[in-house]
Structure formats: structure tokens, C-alpha cells
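Every chain is named by a letter (A, B, C and D) in the order it is written, and numbering of its residues begins at 1.
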Amino acid sequence: MPGVRAVRFSLPADLAYLEVARRFLAVLGDKSGLSPSEVHDIQLVVTEAMTNVIEHGYGPRVDDGAAVDLQFEVTDDLLVLLLCDTAPEAFDGAGPEVDLERYRAERKVGGLGLHLMRRLFDEVGFMRDEAGVNTVRLVRQVRRQS
Amino acid sequence: MPGVRAVRFSLPADLAYLEVARRFLAVLGDKSGLSPSEVHDIQLVVTEAMTNVIEHGYGPRVDDGAAVDLQFEVTDDLLVLLLCDTAPEAFDGAGPEVDLERYRAERKVGGLGLHLMRRLFDEVGFMRDEAGVNTVRLVRQVRRQS
Amino acid sequence: MSLQLEARQEGEVRVLVLEGELDAQTVGPFDKEMEGCLARGEVRIVLDCRGLAFIASAGLGVLMGVLGPVQQAGGTIVLAGVQAEVRRTFDLLDFSSLFPFADSLGEALRLAAPAGGQG
Amino acid sequence: MSLQLEARQEGEVRVLVLEGELDAQTVGPFDKEMEGCLARGEVRIVLDCRGLAFIASAGLGVLMGVLGPVQQAGGTIVLAGVQAEVRRTFDLLDFSSLFPFADSLGEALRLAAPAGGQG
């Protein structure tokens, strides 16, 4: 079965590139023999993580050269996604669990993105290295097209 | 009209990824508002340049981690493509012009790729820096969808 | 393209046609449209999702934000022709039970009309 | 997928159906097939290119490599239903005058048959 050796891409830290990320992921998922539903899950999780990096990590005063780097790798049975950015804000992934009741009562409270990431991936890790690079690491078992 | 800020991607130095490069370029061309025929020209030229890097630059004994890095940027009226690799072989773009007559007489002589690149782009430059990074730089005026 | 949005009135029902992909980049006009419906008291809403290929949490956030007020005003938000992948996102968040899903636009209009689902 | 290749015989004409994209990665089977035709003396060849979306110089190299021997053996290589982008690559290299192009497969078969284009 086909795998994909590590492919990296770097997109401007701009919500207008969420769609480009999803298109790229569709190409890579297809090349890796992933099912359309698996490709969708990857697109969803990357959309959420990238949105967070842009909205919360870089924030509104992001400079023009800011980027989000993605790495996509499929081995025999493991899908590994890395998202890296150099946003000043560190984030450790901590936060309250999403509360459906609160969602009904209040309007537009957050927490859905992280919830989706944790729901869909076995491993969701947040790191920051000494050089100021933030990495979100998402890992899950591959479910292939039958 | 939409432009595309610099988008970079890094693919394994493997002919199996020529198709991925073309799919990625289609996404970026579409996002930049380029016409299908302009997208085709970009796909053709990148296919040729990437094939050369893999076949002539890295050659058959390429190691597993070898990559080809692409950068795609569209400003108002200029399309700039960069292909970078770390192949040991330096190349300055010199070579005999393609000879159609020879093509008919002999079998499978080379030179078509460089010919296509020069035919389709205004600027085709080959560089190698002190760090051993080879860069092919391809520039041309943007022809947009009308 | 990304997201195309079209609104029209069908009797007492407001129909919003969503085509493309709904994410943090494209959610703005949809948010504005939904808030507009609420402000004008147009609370019988059908979202024609047949052309909606993707929804991110940003889109669900808007829906969840207006659902309470819409229901308090005696209205409803019916989702018509939702594609499998969009439905999956609702399911993943356990939001599917909160909305009536209709296979066809006709069924959705019946569910949203005064004599319909809200009976 | 990348390149699908299918060969069949239609009377005295060998028909190769190309679907997908022809580049340095996918050219191998096409090269082998063309060399096989030449070796077996099957030199009346139609390439059904209706499904061919892309051709790189690697594909043209194979064509140019066999064209001379095919013609010396009294044969021809007719291209059927070539898409605009593939045609463009032929044009860019000034190779278009070297091959008969046929809009339809039927026309290509007529051109390739003994009574046809080769007279």
C-alpha cells in the first residue's frame, strides 16, 4: 500500500489559506491511499489547528511574513501531522472541556476546535522549543480505503 | 485580482512526487486566478525542472531524505518559481540547443526539458550558493483569466 | 469561490443556500445573515446545505450561537441535504440531535413551516 | 493512478489508449509498449489520447525515439483526440508537424490503416 514520505508545506498565516491547506491535504491523502472520510478528518483537524494558530497564536497584529508550516507523513499504519509556527504566544493545550449545555445557553463560546482535534486524533500534543517554534503534533492510526 | 504570497513546499526527490507537485501547483494557480493554460505551463516547467534535479542532480544513488523545495509566488504581474535542492552536482544551465533533426535521426537524446523551460519563461536562472543549495529560478509575466 | 451564500423567502420560511466550504475565513457573511434573520424575526430558517462540502467549528459556532434565540422566538433551523462529511462534523460534536435534518429541500420546508415540525 | 495504458488490435492497426499523465515517472510502460510494437513490426499505431491530460518531455522523447524507425518500416503514429494542453506541449517543441492529429478515434483509424494516410 502506498505511503507518503514526509511532505512539508509552508503557508502564509492567513485564514485565506485554510482552503489551500485542505486542497493540499486532499492531494496527499489521495496519494497515500487514504479514504475520503479519512481525508475529511485530516482537513477538519488541520483547519481547526491552523485557525487557532492564526487567531490565537499570531493574533490580529500578525506580520506579513508569518507562516504556518505543515508536515504530513504516512507510514504503514501511522499518520503524523505537524503544524509549526513562530507565534509569540505559547500554548500548552490546556483548557476547559467543551460544554454542550453552555453552548446552547451562551453564544459562540470557544472550545470546539480542540474538542474536534482530541476526538479525531489519538495524540494531540503542543510543544514550544527554545528557538520559539510552536509545534502541534497530531497522530492517529491510518484507516485506508478498502 | 488575487495574488499568492510565497507558498513553499518540500517533496521527496522522487519522480513519484511529480504528480503531487502538479496538483499543488494547480491549487495555487487557481487561488491566484491564473488561467488553466497558465497553470499547465507552470506544471510543465516544474515537471521538467524537478525531473532534472532528480535524474541529473541527485542521480540514482539519491538518499532517502533528499528533497526538492519549491516556492511559488504571484505578485501583481509577476510569477516567480524557485526550485531548490542539495544535490552534489552543480549545473549552470549550459548545454546545446535542442536539434529537431537530430531528434528524428537519433533516439531519445536530451535537451527537451531545458528547451521547454526557456520557451515558456522569461527568466531561467541556475545558481548554487556556498552552502551547496542549488536553485533554479523561473520568472514570467502573469497571464490571468479574463 | 470558497463560500457562496444566497437567501430567499419561501412563504414564511427563510431559505439560505450555502455552497462551498464554511470555515473561519468564510464564516463572516453567514454569521451576518443569521444575525440579520434573528434581528428581523425571521426565525423559520432552512439551510440548503446540498452544496456545502465542508464545515469547520467556526460555522458550527455561528449555528449554536443563534439556535437558542431562534428557538426562544418559536422558530427552528432545519438543515436540508447535508453531505456525509458535514454531517460527520455535527456528529463528532454531538450536535446532530439539536437540529432537524431533512433529506430534501421540500421536506425541510415542510418541517420549517408553521404547521410543520414546530407544530 | 497517474497513467493507465491499454493496448488492442483493430484490423491492421495497433491502438494504445493512454489515460492520465505521462511524465518521467509514468513513461516506462509506454516506452516498453512502443518498443514492443516496433520489435513485432506493428508499425501502424494509433495513440488514443482522449484521456491523456498531461505530457512531459519524457513522453515526447519516447515518441520521437520511435517515430523514425516506425516511418522507415512504412508505418505511422497517429494521435487521436489530443487535449489542448497536450497539444500545446507538442506545439512548444515544434513537433506538431511530425504527427498526424485526428479529432476522433475513427478518423485516426482511417489515417493509420494501409489504405489511409500512408497511402
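In this section, a contact is a pair of C-beta atoms (placed from the backbone, for glycine too) under 8 Å apart; a residue touches a chain by one contact, two chains touch by 3 or more.
Not measured: the values here are computed from a predicted model.
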Count of contact steps on the shortest path from chain A to chain D: 2
Chain located farthest away, centre of chain A as origin (C-alpha): D
Chain A and chain C: spacing of chain centres that average the CA atoms, whole Å: 26
Distance between the centres, which are taken as Cα means, of chain D and chain C, whole angstrom: 52
Intercentroid distance (Cα basis), chain B paired with chain A, Å: 29
Whole-Å gap separating chain B and chain C, where each centre is the average of the chain's CA atoms: 45
Residues of chain D whose C-beta touches two or more other chains: none
Overlap residues in chain B, where contacts from two or more other chains coincide: 19
Contacting residues of chain B [partner chain D, same complex]: 15-16, 18-19, 22, 36-37, 40-41, 43-44, 47-48, 51, 54-55, 98, 100, 103-105, 107-108, 110, 112-113, 115-116, 119-120
Touching residues (chain side chain B, partner chain A) in the complex: 5-12, 14, 17, 19-20, 23-24, 27-28, 31, 64
Interfacial residue positions of chain D with respect to chain B in the complex: 2, 21, 23-25, 54, 56-58, 60-62, 64-69, 84-85, 88-89, 92-95, 98
